[in-house]
């Protein structure tokens, strides 16, 4: 169980990240904490990509994804960086408008 | 060929240096402006570098093909270097490329353009120094009555000069008409920018617009010519070229040649080239491209169309009207662009595409050149603006060149181009120096400046002598003497063979006298006599070194450009002789006008013609000079009284033959009339209809409104109330709290997973295994 | 117009959406901050790095010096003046001594006059060296500080040889000086000047013309001529704004006659040039900015060196003694007197009101640093936090003098 | 790597770091600590990438994610943090809902992970011309290969007989371009959103002009 | 090595990990010792160089004439000082921050080759890895600034964050040039590509790399927070910036991080631009011949010579940075930022572009003598593929 390391091990790490990220999204009121949760979820996905593209983890050294996995991870990272930039700009704006980072205060669009 | 193979590379670098300077100044201009003259140094260094490289290239070339006294290529068959640097696109045989076509003419133009441009760059340091600081432009009155104050544009000026240098060199080196056209337009836009350099002056902007629009008229014809040649020959390259897949194709010159000699149509190459290709087995066979729809008539039409462009650029009748107005630009610009180089581009292009021009076209060239030359000379007689005089003189001299080319004097015309470049640049720079000192363009305000500005006066005197063609007959003279006599000799020959066109020669001769007259009128009015405006005279001073040094250098060349190097036969005309192209003139017969013969240029070199013409021209020049002395030098006669006597003629000339008015009547007024008619129709007919239709619709609407309120609104309001109630219920879900939304997303996600698991089993092959 | 029930159109009014409000910070700069030159406390209201307001709080070093002056005789007060501008104790002594002499109508002998010029100008050099060195330190350059203090130490050695003290001299006193120079002192002084002059060029290289230094100081904290005059700024701060005003030339005759046969130039920028020898003014510098204030001091150092050399010559030639200090309990004539002298930091003025007793009735001091500091809020408005030390340093204040 | 056993040690080490960081994120009520937890977690993820042989991606993770994105986050935290920092407490029912949702999700995901058996038959690529089968995974993923793939040359389709690199077969040129444009737009957008107007009359150079 | 240890201790297979752990720790300790030595030397050099520049002697008392043991004395003093944690501070983060600042710098040395093959771990993407890890140092500083609970610290931390994040961009850009020229991110390969005479060093490869080298120097100084770019700890403005509230051991850890980072950026710069372990004159090749054809001992000697070379160059770099600190004033934060974005970044981008064009246009160099190893990306792929397929 502890060794050798298989993709399933990586998948478990991914699950932990995903679930914690989700809980983070659901329980935090701070807009930046929510952003942090999103980052966790994205990283969960990245771990899965890498797990499926890593020859080291497969006994016959033949993973189902090779380049595709890594390149998708790259794309995810870049998009995450972009998302973080925009989200932070929004957060700053939010802060300047409402004087707080509590997203529950920003319910002007409520019905 | 090792030394020659460097030539294109050298010229490429020489060509790119001004571009680099332009880009650099463009990017850093605002920064450089604050640091003073840095931009000027950069631009000058770039163009001076171009000059040095051009000289090296020329040295390589003439080292390989030495000039020979008998105008024959001796050691090697002379073969223009042609090739492509950069291919933009290829469609079958059609190749759009940036390339080079290098022969002695190209090299001479390169050296001349970069040399004069260098001098003018240096001159501009002095002339444009005001632009280094904030400029107070007294010619622009703002709404509140004050004059305009604006930041200096030193960097911008040099940026445009650099761009111009790049464009002009590109135009010169182009190996296909498309590239020519591109750079043709680029020099046009540079000219436009620089004419409108003082963009706040309405006169400058309208002069810029005028130049641009008039040139467009000519360029329209040029585009037609390009289209005709491209569709009929399938190429715009002058010479043979190679596509990227390795096939060789023939160029325009070959097609023109084939038209002339139908027998040689299927031969791969013409003239010396075919011999060369036989002797050199490495030269691959050439394939003919395109539909080969070129006929003689089409060639004539294409030639005329291309000529339109040349007329526009070289300010020839009837498209000459823009050039005098273009003098609104700064004087170095006038010297560089509107006297020495750009306007000569039209002449250069005629020279370059000479093999494509049929004799019919050449006659048109000759006739237009003659008309221009005479007309401009007469207008110059009465102009009082010093730059306007020079502008008309430029037009007139360009007419000489056209005349020379049109009558078969290829070398003579281009020779005059070069000499004219030197002395006209000199004259313009001198006038700039005067304007700089006096602050006015008006000659009646000047006078007696010889004492104040000896360097300027003397160099300008040399320029006047050069343009008037002064010299000792049959021996030597100023540069203008050699070139103008060559043209006149050719014209004389032409008139001896074609008597019914004899007036051309006499007009040219009369204009030579006029030239001498108005040039010395200019000089006398400016530098001799009593100062007519003490205030201006008091402030006048000799210009700084940066302005006088170029004057002296140019004066030197204005004197010696026509001479051959002592002890050798190396001279400018011999150099041009080396580049001579004469394929279409070989039978000298003009098919459409049977009895017109365009004479060979060599025949005009015969001593008897030469002596006769030389003496006649000398006499004409002396005559003009004498009249000038009578009126303005010694003031034996009062010019004002003579003007009174011939008031009608005077007014006719003063108003420039009423060309502007003519164009206004012919083109501008009809258009405005049509526009006013259209406006009337719009107001009276269409508006009326619309107005009344509106009244009708409005009454209908009132009716509809009533129906609407009673019937439709009732139904709609009921519906809206229902929907509103629904919305009230739904909006309770819309909490505006992001976490609630996320919660629902996750709920949906989990249910999706569960559903998926039920349908596909719990194994999740959906996610990984199934693919 | 149809109105949706329950909705107020005002709710949709658009507020300014482009402006992000960051927190305004209230920062205490000092009294224990390294670059406030003592126990100055500046309260900064900043928006990020942008200073919205800077308020100096003073008084941490208040020692009732003026009140003490009303309880002791003038000669007893001399040591207290030392402790006002403790970087230029000689100049302080001189100011007080001259004021009392003016009240007494006393004139010191020729030899004492030249010795006084020698000493105060030497002290001016020492004070400006501290100003320049610590200014470099304010801008993050440590090395010039060490260079300046090395030179200052040499001056202090000279002072120590004269009066035994290195900081609080009490050397110049009412009626003359406490002692004549020890033998060989003048040669040492000349030797010092000879080796010191090249060091000035080093300092110019390290600071005045250093590109980063110029970037940091040029155009920063521009004090206009009018503002400088309005706020009563004096000394290098005033001259840095281009006002050609130096009490050694333009002051009270009782003071200026001390310098009457001396040849020196006032360190002020005329037509973009300072008295030579000095490096050219960089193009970025604006008259009245930190760079000019700094540079005026550097130029003054050169002029002071000139003055010291002249004083040495004159002292050597002068005959007679160096004067006799007045008696400790000398009675003062009744009356009121006020005299300002040109100290390194600016114009230091003392005022005495006497009722005819040995102890003055009232004593007041006009402190140059105090007036110069008062312009700080004007200069700091809208600058960056990093500019505050640059501006404070360029004013060259001494808190002992501000608070007295 | 140091071999399978060394890898196992490192894997467990970094898995613990990663999961621990994630838990810190969830459990801490203090936003700065949450950010530190995120850093730890992302750092662990980067190390896991390195362990899995994805060196370039691991380095990218460090550079872009840990070095860029999280610095940005930290920046945001500082810009919006009040002192003293108010922890925004969450209500108990939110936690309840979160846990209630997380449990079934975890169960499903764990089930899926456990049921995944690595099948090696997937992509031994057989070249149609030569019939040679190349196990694609054998080729190490160098930055060069990644770069080539981003430019449209995918090495997945590389011909083992030394033939030409196939062009555009499964490259990522288009997504690459899209991402580039996307980044540009995002940059501009973020700059616009976060733009801050200095109060008028309060520019740093404001008092310079008084003399002229 | 771990296998050998395991055999030697005759560990059963399920306990083999103990051997691995031991070996790993041992390697880490060796590396740490190396780094600490470098730090100690750098602090000593800082004091000595500052002394020289300021006409002083610097430390002379501890450890003989030259004060060799001064770093030790400093360390002892710092270790014995009281560790204060301000009441306002976030105690956990306050304790964590110094280590977060030091650890990444330590990690850099893992991938930094000291000589041909002398590297703790041979990364394929070492250059990139180092840049990435170096960028992490900023966290410790931000956290330290934030956790101190002081406004000066917070300002310092913010400045640091803005500055380091900005300067990373031109730093990475200028570091891309050697990577581009060598066609690999492998630092060992990059170093090998500059074998031979000193004109083979990438700094002299073409004008653009020369420019890029100086940009690298500027950005490296800025990226490691050294004067004149020590805005985050500007003592005259921000008291002491992010470490205002730190004292004793924690403060010294920050400083260790700074000095180690100095050594690290110098090392990276030396490998990227200054030929790494290849001396200006190929003495090693003359003495030992090509590396492949010699015995292990000769090979070792050659590597040793390389390491000496490398360390000398690093020392020169460090001394250069030190003398910068004691010579120049400190620019303002906005000037620092504008220098980064308005000058360094465009210049680096231009240099990058220029070098690309240079390689494309003049694949054989200006004089046609050819570059040592200007392999294109495609070639390197092919080489890789061939290497895989040969067995």
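Order as written gives the chain letters A, B, C, D and E; numbering starts at 1 within each chain.
Keep this in mind: contacts are C-beta pairs under 8 Å (C-beta built on N, C-alpha and C of every residue); 3 or more make two chains touch, one makes a residue touch a chain.
Owing to the predicted nature of the structure, the values given are computational and were not obtained by experimental measurement.
S.K.: Weigh A-B against D-E on C-beta contact pairs and write down the one with more.
M.R.: D-E is joined by more C-beta pairs in contact.
S.K.: Of all the chains shown, whose C-alpha centre falls nearest the centre of every protein C-alpha atom combined?
M.R.: Chain E is the most central one.
S.K.: So which chain is the furthest away from chain E, centre to centre on CA atoms?
M.R.: Farthest by centroid: B.
S.K.: Need the CA-centroid distance for the pair chain B / chain D, whole Å please.
M.R.: Chain centroid spacing, chain B to chain D, equals 58 Å.
S.K.: How many angstrom between the C-alpha centroids of chain D and chain A?
M.R.: 7
S.K.: Using the average of all C-alpha atoms in each chain as its centre, how far is it in Å between chain A and chain E?
M.R.: 31
S.K.: In angstrom, rounded to a whole number, how far apart do the mean CA points of chain B and chain C lie?
M.R.: Result: the chain centres lie 68 Å from each other.
S.K.: Multi-chain contacts in chain C: which residues touch at least two other chains?
M.R.: 19-20, 22, 384, 387
S.K.: Residues of chain E that contact two or more other chains, please.
M.R.: 334
S.K.: Specify, in ascending order, the residues of chain D that touch 2 or more different other chains.
M.R.: Residue numbers touching two or more other chains: 5, 8, 56, 60, 68, 70, 72, 75, 77, 79, 94, 97, 101, 105, 112, 116, 119, 138-139, 145, 155, 194, 204.
S.K.: Could you list, by residue number, the parts of chain C that touch chain E in their complex?
M.R.: Counting only chain C, the residues touching chain E are 25, 27, 33-35, 49, 136-143, 146-147, 150, 206-207, 210, 212-213, 215-216, 384-389.
S.K.: Using the touch rule from the top, collect the residues of chain D that touch chain A in their complex.
M.R.: Per the stated touch rule, the residues are 1, 4-5, 7-8, 11-12, 15, 18-19, 22-23, 25-26, 31, 34-35, 38, 41-42, 45, 48-49, 51-54, 56-57, 60-61, 64-65, 68-70, 72-73, 75-77, 79-80, 88-90, 94-95, 97-99, 101-102, 105-106, 109-110, 112-114, 116, 118-120, 122-124, 135-139, 141, 145-146, 149-150, 154-156, 170, 172, 175, 179, 182-183, 186-187, 189-194.
S.K.: Which residues, counting only chain E, touch chain C once they are in their complex?
M.R.: 50, 53-56, 151-152, 155, 159, 227-228, 230-231, 234-239, 326-335
S.K.: Chain B touches which residues of chain D in the complex?
M.R.: Residues 94, 97, 101, 104-105, 108, 111-112, 115-116, 119.
S.K.: So in the complex, the part of chain E that touches chain D is made up of which residues?
M.R.: Residues in contact with chain D: 2-3, 16-17, 20-21, 23-24, 90, 92-93, 96, 100, 123-125, 128-129, 131-133, 135-136, 138-139, 142-143, 146-147, 149, 154, 157-158, 161-162, 165, 168, 172, 183-185, 334, 377-378, 380-382, 384-385, 388-389.
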